[in-house]
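Notes follow the structure.
Residue numbering begins at 1 within each chain, and the chains themselves are lettered A, B, C and D in the order written.
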Amino acid sequence: MSQDDVPQEGLFFDMLRNRRVELEISRRYEDGEMRCPVHLSVGQEAISAGVCRAMKVGDQLVSTHRAHAHYLSKGGDLKRMLAEFHGKATGCCGGRGGSMHIFDRDAGMLLSLPIVASSIPVAVGAALAMKQAQTHSVAVVIFGDAAVEEGVFHEATNFAALKQLPVVFVCENNLFSVYTHLNDRQPDLPLQRLGAAHGIRSLTADGNDVEAVYRLTTEAFERARAGGGPSLLVFDTYRWLEHCGPGYDNDIGYRTEEEFQVWKARDPIERTRQKLFALGLLDEGSEAGLNAQIDQEIAEAFDFALESPLPTSSEFQIYA
Amino acid sequence: MSQDDVPQEGLFFDMLRNRRVELEISRRYEDGEMRCPVHLSVGQEAISAGVCRAMKVGDQLVSTHRAHAHYLSKGGDLKRMLAEFHGKATGCCGGRGGSMHIFDRDAGMLLSLPIVASSIPVAVGAALAMKQAQTHSVAVVIFGDAAVEEGVFHEATNFAALKQLPVVFVCENNLFSVYTHLNDRQPDLPLQRLGAAHGIRSLTADGNDVEAVYRLTTEAFERARAGGGPSLLVFDTYRWLEHCGPGYDNDIGYRTEEEFQVWKARDPIERTRQKLFALGLLDEGSEAGLNAQIDQEIAEAFDFALESPLPTSSEFQIYA
Amino acid sequence: MISAAEAIREATEQCLSADDRVYMMGQGVADPKGVFGTTLGLAQRFGSERVFETPVAENGMTGVAIGSALMGRRPIMVHQRVDFAMLALEQLLNNGAKMHFVTNGEHKVPLVVRLIIGRGWGQGPEHSQVLETVFASAPGLKVIMPSTPYDAKGMLIAAVEDDNPVIILEHRWLHAVIGHVPQEMYRAPLSGQNRMRVGDDVTIVASSFAVLEAMEAADLMAECGVQADLFDLRAVRPLDLTAIFESVRRTGRLIVVDTGWKMFGLGAEIVAQVTEQGFQHLRAPPIRLGLPDYPTPSSRGLVGAFYPSSQGVVEAVGRLSPEWIPRLRPAIDTIQTRRAKLPVDAPNPAFRGPF
Amino acid sequence: MISAAEAIREATEQCLSADDRVYMMGQGVADPKGVFGTTLGLAQRFGSERVFETPVAENGMTGVAIGSALMGRRPIMVHQRVDFAMLALEQLLNNGAKMHFVTNGEHKVPLVVRLIIGRGWGQGPEHSQVLETVFASAPGLKVIMPSTPYDAKGMLIAAVEDDNPVIILEHRWLHAVIGHVPQEMYRAPLSGQNRMRVGDDVTIVASSFAVLEAMEAADLMAECGVQADLFDLRAVRPLDLTAIFESVRRTGRLIVVDTGWKMFGLGAEIVAQVTEQGFQHLRAPPIRLGLPDYPTPSSRGLVGAFYPSSQGVVEAVGRLSPEWIPRLRPAIDTIQTRRAKLPVDAPNPAFRGPF
């Protein structure tokens, strides 16, 4: 892939939009209008941007509790997302799911699930369906470093490898499951080993380098589309804010301020920003324009969410 | 380990006893007195013999649906086992469990479970208890090639590796899960890869060579006892009889008579027998003596089982 | 006249023929035994893309089935025992049952899961569970327990065509039952009961294998002049008991015969609903029969006391109306004579295991 | 006077001190939040061999706990939500529940599993299930649902000392409840109810958080001259309803208020048993309250209609005895006034999420 094939500005825009959306969620959370858990991806934006930009129409994305950035990068509707967080009838699940069940058929967001790793076999099933229907689409599942500890990850990867399904497993390794470090949960070995053991091509790249993420996933998708089977991609990154909720929590003792600062210095957005400046693809004027555009979208989306009606429980149907 | 440290005759005796017991079970099954499923290990005797001879008092064995040979090699009581198969009150579970729940505290047979892979984390828990109680004992879990497909195998091995527990995972790879070949269930890769991925020392040896099994397990036990952590041992072998029940089933179409003959030619008992003859440790006279001794034990045990009373359901207690 | 096992095979074959989104997977579906004969020949006819073996990984494979169903495929999964599906409950009770609701009605999960209830031949506590209330506890699942060959076929077809996840609890001892099964591809509804016998004296509601016990009891009681209104429950969720409320209004007496455990069983919900709806019509407290409060023992010495029987049903009727007890004596005698000739741990004397 | 969360912490600390076979593991037990404060400081005091974090692998870790229990250790496992234990049901319902039975009484599984019931703040369908009947369906498990700080401590200690697997369903909204809790290491029995109020007009049986709703209802009804005999169920399995049979004999009226789903819920078993035992004493059909037949919605617009409330209890009493309806009006008014000041989706107005 040549330098030109990487949509630098699009990737930057995606990351910037995610960042500004989530910081605004964080800022407004105290208002008590978003009455549901929120798992923010601030600091991790390169992965969702890089992965989702590489996806095509018809591809399906499957996600976890930490789904906002995935959804937005996948072309999700900010209004419907915020409305869902506000518990409104206009939300992407009509208020039924909250932040941990983001789903949007139009956006190709097949589902996100709050039970760790539960979505992984579902993505494999989507890939099976694609293969059965010969659509040449790809299913992508993004999950955290804890998900590989659940047995179902292994059951799903084994089957994907056995049937050479068009599925790409993306692990966002942010070192923690809630407040528990990887070292308290797994032997100290690279996560790629686990895909490799199932005969799956398993690679890693810097998860804070959006271009690297984009290149690796593009290649994995092409391979899957061509019938070359599944890949596991591991991207190391770091979550800046607390596991769940709007604030910083380096003070509570499960990680150090130093560790945080090291990762903050690797801010994926700042890195890309400098690159774009150097390439002449961005300057202060155009950057201000992007920020303004995004902020306006955000303001409008919050207005939409706040003004939308709450759902009522009059017509529940549990059966299709 | 020198040649002298291998208890050749004991290993041979164990295998021979298992073979003769199971062939007699097979022969008598039609009588309809053993009214429970039986999963015979004929052809696979080298593994149970080699593994169990290497165990010490205090070590605990955990097994599956195919537990007869494991139980007998571990010092289990043939009378109590056959009584259990006959559903009798004198059985090792008082008739409650049948052939798939063999358990015997005195023999160090912690349990066997019919749900594939369900016993694996239980063995890891036994090892955790041993470590907590600082007993220097080892937990051993024997399972089939299908068990590694269950997620719980991975959850258990990850934890065992993380905590460096004294547990040895023994995989009896007989190529089949019921009538389904390994190739229909997993990518074509050596099974050891799966332990290695979890950071567990993983080795393989010829599962029809009892001496090789004994050597490998002895070493793995010593290592575990010395605090060196878990091992995964994979032993390839072949089941001669049908998956469940007394007969041969090469005719029904899931495997070929040729394949069976290839494996039959690798009969672990015949191999050891020839070695013992060559070493002068066995001759026709002593062999006949062994057979007679075993057959008498078998006859007595069947008599015991047949004569024992059925249990009654008067005093069930589900709580301790 | 074909067996329920054949009826299931026929239904599956027709579904696979009629709609190429339908596929089938599970341990043993393509092997020489074909899940007790219920899938024989299907892999040959439809190929390994449509009918295939899976790894031994119930939870993961259930997730795979659900994912494919979300994409419009129509999977039929099979587990050779209900017990094995215990590993897949997170997938079934969350992703299966809740997906339609949580996506505001957008997603559908047209999934069928056949779970076979084991019994007898000493297979013991972990190969013979029913767990019907575990499945029934989840809003969003459909749960059915066909007892006749007609329903075995018709309900399976309806389940495959239904857009919801349907759990079929299929009793192994019913596979051999012979009955009239039309050749064409018909549907039997996924809710409501079958009335197996009409009577005014006592309402009996039985499910799955217990229907056979209740039928034997009802037939013999009829000869003694006690007429049971006998229902085959068929469908556990959704649970529409309208016909039973009507029946109890007439009979004033209710007996529920479960195939699974009595405690926290189906009978509890049925008795509770009947009491709520028709309290004033009850002449005596309803009686629940079901498995006693311990796991299935393996030994043939123990299973006799474990499973509810036709004799137990007759005796329960006697408890409801003690004045009938003398009249019911011949029924009990007949049952005892018949039973003495039957093995306690096998569906018939010819059965020689192993499963 | 301490909170239930502190009571749980204290009980755990005393158990860990008293018996070095006791250990605790789970996701979050050693982290800075300490499972909503219930495990704070324990890892520091007892070290990482006794109190430790686990991988995110509920099924495997449950098997590990069981294996260690068979070897004589006494594990306490914690899951931050009931829902996560759905992955471990095979281990719990088979190896946990059946081991003692199947080994003819030889093996014991002294395991305690704390499962926290989530509610509110939009956490939605997969973080707020109760599933009490799923656990209760398995003979061999003990299942408890403490509702008071006193029981939270005393039943946990009794559970740790019990030789059976005990599932504790622990409601997150009860953690903050303050009550009298003796400092010493006392035991509260693992079966039988607490009588929270004595009365002759109606028997109310509630479990877990529903006890608080029922208490509010009962207190206000008492002021209106309707005296409820109110029971905190506490223990679901084994289920000893003797005291409730006695109560219904006096009151002739029964209401069961569940914290989980009504369909196939606890109430079904309780109503069925009461009907079987005390049919002739019932003056009106028993009423069950519980969650309606759909998954927990996230939105605050939807949860108001989802959870049973004290108002619902008062209204149910009115349905049992319509002649009391006018009298009960003030109770309903008071509840409505109070509720108007409270958030519908949080335990108290100060609660600001996220969980």
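Keep this in mind: contacts are C-beta pairs under 8 Å (C-beta built on N, C-alpha and C of every residue); 3 or more make two chains touch, one makes a residue touch a chain.
These numbers were taken from a predicted model, which means no experiment stands behind them.
Peer 1: Give the fewest steps needed to get from subunit A to subunit C, where each step moves from one chain to a chain it touches.
Peer 2: Contact-graph shortest path, subunit A to subunit C, evaluates to 1.
Peer 1: Which chain lies the greatest distance away from subunit D when centres are computed from Cα atoms alone?
Peer 2: It is B.
Peer 1: If you average the Cα atoms of subunit B and of subunit C to get two centres, how far apart are those centres in Å?
Peer 2: Measuring from centre to centre gives 36 Å for this pair.
Peer 1: Please compute the C-alpha centroid of subunit B, do the same for subunit D, then give the distance between them in whole Å.
Peer 2: So the centre of subunit B lies 43 Å away from the centre of subunit D.
Peer 1: Taking each chain's centre as the mean of its CA atoms, how far is subunit A from subunit B in angstrom?
Peer 2: 46
Peer 1: Which residues belonging to subunit D are in contact with no fewer than two other chains?
Peer 2: 54-55, 57, 59-60, 83, 86-87, 90, 94, 101-102, 124-126, 139-140, 293-295
Peer 1: Could you list the positions in subunit A whose residues touch two or more of the other chains?
Peer 2: Only 93, 96-97, 101, 113, 115, 149-152, 154-155, 158, 162, 184-186, 316, 318 qualify.
Peer 1: Linking chains that touch, what shape results: line, ring, star, complete or other?
Peer 2: Shape = complete; every chain linked to every other.
Peer 1: Could you please specify the touching residues of subunit D with respect to subunit B in the complex?
Peer 2: 23, 49, 54-55, 57, 59-73, 90-91, 94-95, 99-109, 139-140, 142, 163-164, 238
Peer 1: Quick one: in the complex, what on subunit A touches subunit D?
Peer 2: Against subunit D, the touching part of subunit A is residues 29-30, 32, 35-38, 84, 87-89, 91, 93, 95-101, 113-117, 146-147, 149-152, 177-180, 184-186, 244-246, 252-254, 309-313, 316, 318.
Peer 1: If you look only at subunit A, which of its residues touch subunit B in the complex?
Peer 2: Within the complex, subunit A contacts subunit B at residues 149-155, 158, 161-162, 184-189, 193-194, 196-199.
Peer 1: Write out the stretch or stretches of subunit C touching subunit B in their complex.
Peer 2: 27-28, 31-33, 52-60, 83-84, 86-87, 121-127, 292-295, 297-302, 304-306, 345-346, 352-355
Peer 1: Please name which positions on subunit D make contact with subunit C in the complex.
Peer 2: By the definition above, subunit D touches subunit C via 59, 83, 86-87, 89-90, 93-94, 97-98, 101-102, 124-126, 131, 133-134, 136-137, 139-140, 239, 261, 263-265, 267-269, 271-272, 275-277, 279, 282, 284-288, 293-295.
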